[in-house]
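There are two complexes below, and they share chain A, which is joined by chain B in the first and by chain C in the second.
After this line comes the complex of A and B, so read on.
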């Protein structure tokens, strides 16, 4: 079965990002396909590679990146939500005249159409948020 | 329909809204939503009252994280993340009451 997952909450806020991560891992462990994880609203903050949590705390951003690497996950960040919150890749930096980028490995910035497509293509869309 | 509730009914109205608006199926309590599934909580009677209309589930890791793993009320089935995935797969659709 194809799953899509939407994350509306940033890391280290309440629990949505953790729940979404553990759910995504369980989906993969059960042998299902994860069509896409879409980060929307404050959820785009899960995609900044500049976070430095304390060493004894989980690194939520790296955890997503690693999962993407190992399972070829499609982690998509909403472009409009990312622009508002300063989540920038090379293309966006050039387009908007920014002097730095911070998108973590394994993530890509794209539009809301990707969420709609995930809703259509996947058998189930599960939303995590505040 | 699988209704997913992640807020305590003692804090927010998500679970009450779910019970009022949804028309049966299952309710899965996750995150702070698991407080609703604990014995003796102020919302217990309201949840018991709808047990005939909904199958009730609570996420075990979130109960354990809050120290309530051994205080689950009768009629609530505790599931792990694998069970969470199964519930989503079993139901034709799911709604997160955020």
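After this line comes the complex of A and C, so read on.
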């Protein structure tokens, strides 16, 4: 089956991102396809490479990056939500005159059309949030 | 392009969190993709449609007008939970756009008919 995943909450404050990660991993392990993971609302905060949790805690951002590297998973961060919350890649930094970038490896910034497309293409869109 | 039935479920008051505003942004994109879009308003989500948003004091942009513009995007299936309205002392007359007030069970039935449910 083809799944799409939406993550609506940031890391650590809410369990949504953890649950989405474990669900995504389980979907892939069961041999299904994940068409896309889309990060919206505060979910875009899962994509900052500047996250530094204590060493004995899970690193939620790195975990997503690693999953993407291993499986060519498409991790998409909503551009409008990212701009509001300061998640920046090279293109956005140039466009908006910012002096730094913080997008973690394996993520890309794109538009809300990617979420609608995921809803159209996938057999199931599963939303993780509050 | 494939057309699917997308329902956007709005459960939160308009300004306490950003869900309502960012939900509207997805609704408009869904309509631009020519999908069969509907919106449901339940729990505090019914406050999103209440007439007369005044946001000057909280320094936030009021987006009440966007609900009125939805029909320009062919989004005219707005379903409001009767029980949520009543619990907040509201009726359809208090709302800024024409809606269909429905029982919780009827909205549940509509949800079961959707291809994609996005909950905000």
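The working rule: the second predicted complex is superposed on the first by the 130 of 130 C-alpha atoms of A that agree within 3 Å, B and C clash if a C-alpha of one lies under 4 Å from a C-alpha of the other, contacts with A are read in each partner's own complex, and residues count from 1 in each chain.
The rule is simple: contacts are C-beta pairs under 8 Å (C-beta built on N, C-alpha and C of every residue); 3 or more make two chains touch, one makes a residue touch a chain.
Predicted model, so just to flag it, every value in this text is computed and none were measured.
> With both complexes overlaid on chain A, does A:113 touch chain B (first), chain C (second), both or neither?
In the superposed model, A:113 contacts chain C only, not chain B.
> Which partner, chain B or chain C, is in contact with more residues of chain A?
When the residues of chain A touched by each partner are counted, B comes out ahead.
> Looking at A:14, would you say it contacts chain B, chain C, both, or neither? Reply first, second, both or neither.
In the superposition, A:14 contacts chain B only.
> Of the partners chain B and chain C, which touch A:129 in the superposed model: first, second, both, neither?
Both partners, chain B and chain C.
> Would you sort A:50 into first (chain B), second (chain C), both or neither based on which partner it touches?
A:50: touches no partner chain.
> With both complexes superposed on chain A, which partner does A:25 reach: first (chain B), second (chain C), both or neither?
In the superposed model, A:25 contacts chain B only, not chain C.
> Where does A:1 make contact in the superposed view: on chain B (first), on chain C (second), on both, or on neither?
First partner only, chain B.
> Does chain B (first) or chain C (second) touch A:40, or do both, or does neither?
The second partner, chain C, only.
> Hey, what residues of chain A end up touching chain B and chain C alike?
The overlap between the chain B and chain C interfaces on chain A comprises residues 8, 125, 127, 129.
> Note which residues of chain A are touching chain B in the complex, please.
Result: residues 1, 3, 8, 14-16, 19, 22-23, 25-27, 29-30, 32, 123-130 of chain A touch chain B.
> For a test of understanding, state which residues of chain C touch chain A in their complex under the given definition.
Per the touch definition, chain C meets chain A at residues 1-2, 4, 6, 18-19, 22, 25-26, 29-30, 32-33, 35, 115-120.
> In their complex, what parts of chain B are in touch with chain A?
My answer: residues 4, 6, 30-32, 61-62, 80-82, 84-86, 88-89, 93-94, 96, 98.
> How about chain A: which of its residues touch chain C in the complex?
6, 8, 40-41, 80-81, 84, 111-113, 115-117, 119-120, 125, 127, 129
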